[in-house]
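The structure's right below; bear with me while I get my questions together.
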Amino acid sequence: MAMTPKTSKPRDLWERLQAIDRRVLYTLLLVVITLPLFKPIRLPMVTMPSTQKLYQAIESVPQGGFAIVSATWSGGTRAENMPQTEAILRHLMKRRLRVAIFSFDQQGSQFSYNIASRLAKEYGYEYGKDWVHWGYRPIVGVVLKSLVRDIPSTFATDRDGKPTRDMPVMKGIKDIKNVDVIVEIAASGIYMDWIGLVVGANPNLKFGFCPTAVMAPETYPYMDSGQIVGIMEGMRGAAEYEKLVNTTGLATKGMGSISLAHVLIMVLIIIGNLGYLATRARGS
Amino acid sequence: MQHAFEKLAPVLIVEVLTAIIIIWRIISAQRGKELFIRRIPGLNAIDEAIGRATEMGRPVLMVPGIGGFSIIALQALSIFSYIARSTAKFGNRILMPVADPTVYTVAEEVIRDAYQAEGHPERFDPDSIRFLSDRQFAFASGVAGLIQREKIASSFMFGEFFAESLIFAETGNMVGAIQVAGTVHTTQIPFFIAACDYTIIGDEYYAASAYISRNPTMLGSLVGQDFGKLLITVLFVVGTVAATVAALNVPTLGEAGKSFIDLFTIR
Amino acid sequence: MDAVWQDILSRPGIYAGAICTIGLMTLIYRENAFYRFFEHVFIGLAAGFSIVVLIKEILDPFLYQPVFKKGEWYWTFVFMFGLLFYFIHSRKYNWLSRLPIGFLMGFSAGQAFQGFANTYLPQLAKSFRPLYVTASDGSLDMAQSINNLIFMIVLVTVMSYFFFSFEQKSKAIRNSAQFGRWVMMVAFGAIFGTTIMARMALLFDRMYFIFSDWLKLVQ
Amino acid sequence: MLEPIVRFFAPKPLSVLPYYVVGAVLFSILVIIVLINLPSRARKPLIAIVTFLAGLFYATEFFWPIDIATNKNFLTDYLVPASKLGSLLGGMTLTLGILSLLRVHGRNIARLRSGWYNSLALLTAMVAMVIFGLIDKYGTDATAKKVFNVLFEGMLINMDATMFSLIAFYIVSASYRAFRIRSIEATILMVTAFLVMLGQVPIGNALTDWLPKDGWIASLRVENVKQWILSQVNAAALRAIAFGLGVGGLAISLRIWLSLERGAYFEKEI
């Protein structure tokens, strides 16, 4: 890019529009990001088909069905993955499905447990009877391979080390054929392992994926091929999902913030260019 | 694709042939033949940026990215070695924060050698090359602080950059530095373009050391690389024609088109 | 006052994190003493953590365990070879450090063949797209055919931008390269536009951390 | 003929292990002494040979014929040890990096230069992290583990996240300043960024929500325009750039592998 003017004192309005102090810009950004936290704003929203499909898939599971949620994320992508986890768990509990949670990430295990415990209270879910948390599990390949054949021994204990065998929530669950829904919430390409090792093993299984926005585009082909039933794309997907399950959660707030930030940037670009055009017209 | 024998044809036709052409051009270039290279504006700006730092009496910053020790980092060090020869000549103060300990080790050698080659080994200050942190954002915080404290006059960023690219480029912009940047990670190029004065794009990165040194060996390599890229471009065109005749089901030709595509299809 | 102390002691990590967050964030106003302090703490913690990682993820599993637990004594040679790096500060024997450096260079360079084949070769055939695409009913799929044509034009013109040595006296090559550069600007604009989302989400997370996790003003 | 060599390098039981380890150390020292006395004209060729052999391992592993069933050749099983070797060698340079930190900041403290307390904070944080990090891994003390948690999850992770989030601010100021219709290139950059931004957020999609969802007019909906730019133009341009980078990387690798590279470091007399 050509040399940018470094330091020059703006004189009139048009020139000022071209050289707004960066601290003003930063303050504006802080305001638009923070404000929706306190006062959620609902902006017009168009639900993407990928989100709709995931919702529909979970809607189609009969009450009492068995769902596995894997929360493979950590603090770094919390803003996107936490609302996704919450939206999915909310939907599953609303539908009164049995829920089992685990994670390939230690932080994700803790985060998902906190979220699930809070929602369990809200929906009257009893631990051990309606839901269980299998805790942190290392080594993706090994866990997924053994999960297909034998769930009780793959997850013999829960996150506190208590045996899961006699928990009512696990009743009748032997292998992958007894599982109705699996949702992976991740910041990585882990969906490939699920598709490769698990998804084909049960033709009735519905596998949903909740990636970060950056990851999402590479997963589209797998939704077209039906290996992924639906995709909740980053915070935006989560906000759409919150709307579908009739709640105003973190994603709705976050999406308000993020949308406003986009609007702010676009407005600033327009203002800058107006100033530029005006001074150029005057100059020539 | 882990091994050549999984699909030998594309490996031989594209990779091995390119490699042979490059080596051949390097060897013939060493026999001394005038070579033409197109202008790369970002690289011409290096001298201008150093000149400005000399005028202002403020330091020159060089950041070799946050990647580990690899050919990418080595190329960055080649460019910096050239810059260091200029700063050795003009006596500018330099600052080079490094994120990888192996790169740091080699960088110290490379820059010291540059000062020696210019005949000013006494001007080299070992503390100007500093290992900061191999943790992405700890490094970013250190560099951002350094840029603002030292009020650098010019900034050169070459190597592997990820999300932190904009932190460096914007803080540099804040202090009014002339900035030249280039990285192999194309997703960061837009941010460099937005915040730097000159950005070199894509393969210009690997052409940089040849371009600024004008060393015949390296220029020969550059010509060889061009042949490699020409080969690939021709393959694109032929492949598109092949796919089209195959789709149109042209008799005989269509079959030939299909086998051409199969020749290059991996898995 | 007691209540505050109790709160701090019950969740020291959150308090420490909040102070660090605010400390580093002041950079956007300008570099200041507060930022400088936290920057140094940050680098110190990161360096310490790197040492811990070096010990527990490299020296322990790749040196100590194999040699002293499994009896693979020959790793000792690697360790001794690595010691040559430390000659770098020796004035006289400094060249010895070039041996391990050269070794690592060779390692990195040797992987290029597989790297090239693995990264780029599979994309070749994927770029062979027909300019005549038939829709499911057998007719011409106009939109897709045009898309494929655009795809090829973009591919070829951008490639032509990266020809350095071919004389660009030919008007065709010059125009093609110029067009290629414009097309790249489209790509870069698009990358810029899509990245904003993820970065804003990160800032939102920070604000959530401050106002919810720490101050508990929200939710 | 190879068997005695294989047996010599096989893992050894603990009873004789110390002899082998000490032997290896002594032998290495002997080799270093020989190297120190190497005539200077032999040095460069030696470095070139070491570089070439190191690269040859990976090159051979890639080009050697494979057993189709296992996708392996005689070198494939050594890839993992080789990468361990690389990590170990690379890891050993960390000490040099840490020494650089100690040198710079130790001197600041010793001479009480301005801002010496920051240097002190840096070194204190480093030492604390090492101590508590190692206790966390190898020790059992519960309080120490809690302290490590404060240092790692409380401070380090949050500081990572904060520096990362600063990009949000910088992206605003950069786009405000750079996206001006100054030149054709800047204009193209701005217009695509603008369109994609509109396509990213629901509020932008709402702008063209009145357009039909099917038919060719639907392709004018913002989200479809964004999708088209990303999947057609962007993908093709990035692929072309990538191929250029691939060839360039291959060329540099060849030059380094075969010691054809030039520049101050490579041309210096040693």
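For clarity, chains are labelled A, B, C and D in written order, and residue numbers in each chain start from 1.
One rule holds in what follows: a contact is a pair of C-beta atoms (placed from the backbone, for glycine too) under 8 Å apart; a residue touches a chain by one contact, two chains touch by 3 or more.
Every value quoted in this text rests on a predicted model; they were computed, and no experiment measured them.
Chemist: Which chain's mean C-alpha position is the greatest distance from chain C's?
Modeler: A
Chemist: Could you let me know which interface, A-D or A-C, is made of more C-beta pairs in contact?
Modeler: A-D
Chemist: Going by CA means, which chain is nearest the middle of everything shown?
Modeler: C
Chemist: Nearest whole angstrom, what separates the Cα centre of chain A from the Cα centre of chain C?
Modeler: Centres of chain A and chain C (C-alpha means) sit 23 Å apart.
Chemist: Using mean C-alpha positions as chain centres, tell me how far chain A is from chain D in Å, no decimals.
Modeler: That pair's centroid distance is 28 Å.
Chemist: CA centre of chain C versus CA centre of chain D: separation in Å?
Modeler: The mean C-alpha positions of chain C and chain D differ by 7 Å.
Chemist: Measuring from the mean C-alpha position of chain A to the mean C-alpha position of chain B, what distance in angstrom results?
Modeler: Going by mean C-alpha positions, chain A sits 36 Å from chain B.
Chemist: List, in ascending order, every residue of chain C touching at least 2 other chains.
Modeler: Residues 24, 27-28, 36, 38-39, 42-43, 45-47, 49-50, 85, 88, 94, 98, 104-105, 108-109, 112-114, 116-117, 127, 152, 155-156, 159, 162, 184, 188-189, 191-192, 194-197, 200, 202-203, 205.
Chemist: Could you list the positions in chain A whose residues touch two or more of the other chains?
Modeler: Each of 1-2, 4, 22, 26, 29, 33, 236, 258, 261-262, 265 in chain A touches at least two other chains.
Chemist: Pull out every residue in chain B that's touching 2 or more other chains.
Modeler: Where chain B meets two or more other chains at a single residue, that happens at 2-4, 15, 69, 71, 74, 102, 105-106, 109, 132, 134-135, 137-138, 141, 144, 171, 173, 186, 190-191, 193-194, 201-203, 207, 222, 225, 229, 232.
Chemist: Inside the complex, what are the residues of chain C that reach chain B?
Modeler: Going through chain C, the ones touching chain B are 24, 27, 30-31, 35-36, 38-39, 42-43, 45-47, 49-50, 85, 88, 94, 97-98, 101, 104-105, 108-109, 112-114, 116-118, 121-122, 124-125, 127-134, 148, 152, 155-156, 159-160, 162-168, 184, 188-189, 191-192, 195.
Chemist: Under the stated contact criterion, what part of chain C meets chain A in this complex?
Modeler: 28-29, 194-198, 200-205, 207-208, 211-212, 217-218
Chemist: Over in the complex, which chain A residues touch chain C? Could you list them?
Modeler: 23, 26, 29-30, 33-34, 37-38, 78-80, 212-214, 234-236, 250, 254, 257-258, 261-262, 265
Chemist: Under the stated contact criterion, what part of chain C meets chain D in this complex?
Modeler: 12-18, 20-21, 24-25, 27-28, 36-52, 54-56, 58-59, 62-63, 67-68, 70-86, 88, 93-96, 98-100, 102-117, 119-120, 123, 127, 143, 147, 150-152, 154-156, 158-159, 162, 180-197, 199-200, 202-203, 205-206, 209
Chemist: State the interface residues of chain B toward chain C in the complex, per the touch definition above.
Modeler: Where chain B meets chain C, its residues are 1-4, 7, 10-11, 14-15, 35-38, 40, 69-71, 74, 102, 105-106, 108-109, 132-135, 137-139, 141-142, 144-145, 148-149, 171, 186-187, 189-191, 193-194, 201-204, 207, 211, 219, 222-223, 225-226, 229-230, 232-233, 235-237, 239-240, 242-244, 246-248, 261, 264-267.
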